[in-house]
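After this come two complexes, each holding chain A, first together with chain B and then together with chain C.
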Partner chain A sequence: MKSKFVSNIFAIFFGAALVSYFFLPLLAMGRFAFQVTPVINLTWDNLFEGWKFDSITRALLNPKVLETATLTGGLTLLTIFITLLALLPIATFVEVARPGWKPWLTAVTILPWIIPPVALVVGVAATFRPFAPWFLSNPLSLSFFYAIWMLPFSYRAIAGQLSMIGAKTLFEASQSLGASTLSFFFKVLLPNIRNSLTVATLLIVAAVTGEFTFAALLLKQTFPVYLIDLQSEDVRSGYALALLVIVATAVLLSFVTSSLRKRGGQFNAIGV
Partner chain B sequence: MKTLTRLSKEALVALPMASLVSVFLLWPALTVVFKSFVSDSGFRLDSISRALSGTYQQSFLLSTQLSMTTAIIGGVIGFYLAVIVDRMKPSSKIRSATQAWSAVASQMGGVPLAFAFFAILGTQGIATHILRNFGIDLTEMGLTLSSFWGWVFVYLYFQVPLMFLIVSPALSAMKPSWKEGAHSLGASSSNYWLRVALPILFPVLITGALLLFVNAFSAYATVYALSSSGGQLVPLQIRFILQGNVITGEEDLGYALVTVTMGLLALAMISIQVLQRRFARWLA
Partner chain C sequence: MSDISLIGVTKNFGNETALNDFSLSVPQGQLVSLLGPSGCGKTTALRLIAGFLEPTKGEILVGGFDVTQIPAAKRGFGMVFQSYSLFPHLTAEENIQFGLKLKRVGRSSVVKRTQELLELTAMTEHRKKYPHQLSGGQQQRIALARALATEPKLLLLDEPLSALDAAVRDQLRTEIRNLQKISGVTTIFVTHDQQEALSISDQVAVMSNGRIEQLGTPEEIYTKPQSAFVAEFVGTNNRISAQKKTGTLWSVLNHLVIGPKAGKTGTAYLRPEELSLVKGDTFTVTSKTYQGSFTRVQVASSTETLQIDLNSNQSGKFAIGAKVDVKLNRNDPLIVTEERNSK
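Our next item is the complex of A and B:
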């Protein structure tokens, strides 16, 4: 009994330490962004003085922020479009008609783990730069690499639900009722996997909003890349905006986990 | 005729994915591998051996060290957290909050995360300030965010929740009858863990550690934002060569660094696949 008590106490301490580890940096970030008192002059007495929210308004009204956020928004939409266009036909086909292909498809979608962004960028520079420089000069070209990079996650979100709803049975049923393949796809399949489409979409939104490696190395000024510049120009605005990104990502991903839990799934962090 | 239409139908559904992967992933990746082994004068190994010697060898050692350290520490903490949370009731609020937060934090990283740690532990950080008032100077002790242990501390922010997310499903898949069986045969709690639970979970734990390793090895943005001295890590060395590729011959070195990195990560991912199959057999 006694040892149980000790292990419970230990667990509580452990939990408290983890909570501080995860949230104190965010609180400190918030203080930095919204309190004008420099750290050096900070004491317990003036802790509640000098709080101002001008930094976030300044950040949001910054034309460069607007411009880079628009680019990142466009990249997000394009990435979602490319992902769905590439993934939906083959994932459905494999589930309905070629279950034997599944291990191959799974293996392909794991490849981005082996070829991380920084490695892929070197390859991209070696191939696209000499053959199609016009392609890389358009910042929207990043979306193709983003779609690849998110493949482990987007594939698992969609494939998981396809097998759960019994896509094969649904297909046979709709065929025997005289539906064409296309009307099966649009009228039966898509409405049934709406949940996983939402999940895949939100994961892409969260990831593209924070993606730094591809954009920075290919010299494209997306929103996360600009965040570093902004921080060196106007520290408090940079911090305020970075905090806003973290909070927005947290809200998005909590929505993902809760909608996954509703269908009995769990967040697949690994895509393996 | 019928086989022809069927074939073209298969080609049509596979085409978007096949072209995306081959043009934007395989072509660049295989070109890099090819170029690191073949030059105008034929097959060669000199750039690979350069990538594995001198400064670059140091980089691989440092990156491996960082990835292993964060994989082991993050793995142990994440596993212990999963064990505690697994004991809670399924309806527990703490349980669902931990799961949701882990999903968020495991995907965090990059620039915003580095900013958050600067705000608390940077030279102007609030914790640094408080500790200085108590006479503890972190900078003097060498414990800065741009030091090795500083990186480890920040990396744990996404490594711990990632491990938690990997182990949790395996823990809830453990059958209660195993524990009851062990106890009715007279096993103590630690006996059960050492002789039953850990051996069964072993493949999952190693899978988790390997994935954490891969995750840390390819992380770029966080350490880039944290420190310029992070330039010693492999991803930043690759960047250095990529951006300074005006010097001829240095490109080949960059290709070789990438090839070695991909080889290392491929090894880890293949081991994961083998281990996963083993764990699936246990659950069957």
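Our next item is the complex of A and C:
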């Protein structure tokens, strides 16, 4: 009885927090963006009156939006590519052949959490500007920062599943059956860590789509940076677009996690 | 199929010596167990044979060929692991076919061989299931079938039964032995369970500190242990003080037995079933544990406590508190003298 009481209290508290921190602000954002009524006149009584979606159409037709969204999309893909290309072989090698290195690798991948983006940007900029100015002048160079910045999440997702599936014994089993290292990687390892790769990819998508600090510091006009500009130029379409991005990200995340759960398996280890 | 020899193999990990000048020869078609406590080097020996480790010194010959430098993937040895380690994304059937497909064996022979192995392991009805849908025993059967699929020169079993519960373990042990005999594959079986080693093997190598303490048939290991370590590690043994009479004659519990020439005092090792009881006055019965067909009786004197196994229908004659004497049923027990650690 007592535990039920406690769990009820918890549910009410959680629900209230969810409503006040999540749904109410989103609702306010939606009303601001789509209801053609002066803000001061927005009350509960006219909740359903005067909704018009011209602000979002305006935003989507804005060529700058398309341009910056394309850049952010490209950055996302490149970040995923760099992460998988660099991280996957290293994490696999350490798990299979050098388990003793794991604590070190874990420590290194936590560093981006500790180093603030400002320090990272300033440090890298100071290092590269003298002899590779082309690197920082290309907006796609941001993807390297993003790959490093996402390491704490992407590494944990991948390393968690590698040790969960017992990659080391699977490697030995495949070797004893005559598999080369490459066939182990493609025929055994990849199919079995699909879930964590999906999770890592998704985290990168969600993070890069909303990343502001690095881009602003390096003066690159990515989608989130332009969103801020838009909000000062055309405030309603700026908020309409921001709302669309929030909803789209949430839908994508819940869709992928639910499909992962349906596929079965244990996801607690990789934090889904 | 082939015979395998390890010649003077040493393996160091940093300053630790896991395997020390280890030599072992397994004739073709035999099953040899490496038996020992954890840390004795048995798993290291197996991993060296598999090719997952490289020896610091020495060589490994299979069918007369030196395989020491050949990578694991090219050795063509089947291996079964304690943790089953089936490929989680493949069905039972696909797991068995994994090695065959890598070898680019023709489609029809893949199907035929898979069917054969599924039947041999009685797993045909589970062939479409994924590893997580199978019990531990079923997973290990598939792992065994997978290892045998490519008709390996050598089968390596790394504590394959340790993760299973008792009933499954006993059954699978028998099945492994049968499969091994049918396929005639030379097999090395690593275990820390002496009963498992005694019941499954042609020969048992008892290991300690990176060396073989004794190599022999299960009967030899059990009835003629050659060192205190083997006597104490395999089965239950009573340690009884022994005194030298003359030549090779020793006195144990007032019985004359044959022992080593050297030494004046020592310890005789006698199993509970190698002792029996008569009415007397030296010992007192202190406890009795019914075990079904036999009863383990514990007797104690002022200096010694002994375990004796009696046929259950005889043990009724000796009540707790009864005065008894202990008789020896054999006259050539292992006697380890205090001066030297061998017979």
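Assume the second predicted complex is superposed on the first by the 232 of 272 C-alpha atoms of A that agree within 3 Å, B and C clash if a C-alpha of one lies under 4 Å from a C-alpha of the other, contacts with A are read in each partner's own complex, and residues count from 1 in each chain.
We take it that a residue touches a chain if its C-beta (ideal position, glycine included) is under 8 Å from a C-beta of that chain, and two chains touch if they have at least 3 such contacts.
Given the structure is predicted, the values throughout are model-derived calculations rather than measurements.
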| item | value |
| --- | --- |
| Combined model on chain A: chain C and chain B, fit or clash | fit |
| Larger contact residue set on chain A - chain B or chain C | B |
| Centroid geometry (CA): angle chain B/chain A/chain C, rounded to a multiple of 10 degrees | 90 |
| Partner chain in contact with A:166 - chain B first, chain C second, else both or neither | second |
| Chain B versus chain C as contact partner of A:179, first or second or both or neither | second |
| Touching partner for A:188 - first (chain B), second (chain C), both, neither | second |
| Chain B versus chain C as contact partner of A:9, first or second or both or neither | neither |
| A:24 touches, of chain B and chain C: first, second, both or neither? | first |
| Partner chain in contact with A:123 - chain B first, chain C second, else both or neither | first |
| Nearest-approach distance, in Å, of chain C Cα atoms to those of chain B in the combined model | 9 |
| Contacting residues of chain C [partner chain A, same complex] | 50-52, 71-79, 81, 83, 85-89, 98-99, 102-103, 132, 143, 146-147, 150, 156 |
| Chain A-facing residues of chain B, complex | 10, 12-14, 16-17, 20-21, 23-25, 27-32, 35, 77, 80-81, 84, 96, 99-113, 115-117, 119-121, 124-129, 156-157, 160-162, 165-166, 168-169, 207, 211, 214, 217-218, 220-221, 224-225, 235, 238-239, 242-243, 245, 251, 254-255, 258, 261-262, 265-266, 269, 272-273, 276 |
| Complex interface listing, chain A residues touching chain B | 11, 14-15, 18, 21-22, 24-26, 28-29, 31-32, 38-40, 42, 82, 85-87, 89-90, 92-93, 98, 108, 110-128, 144-145, 147-148, 206-207, 210-213, 216-217, 224, 227-228, 231, 238-239, 242-243, 245-246, 249-250, 253-254, 256-258, 261, 266-270, 272 |
| Sites on chain A touched by chain C in the complex | 165-166, 169-170, 172-180, 183, 187-188, 191-192, 264 |
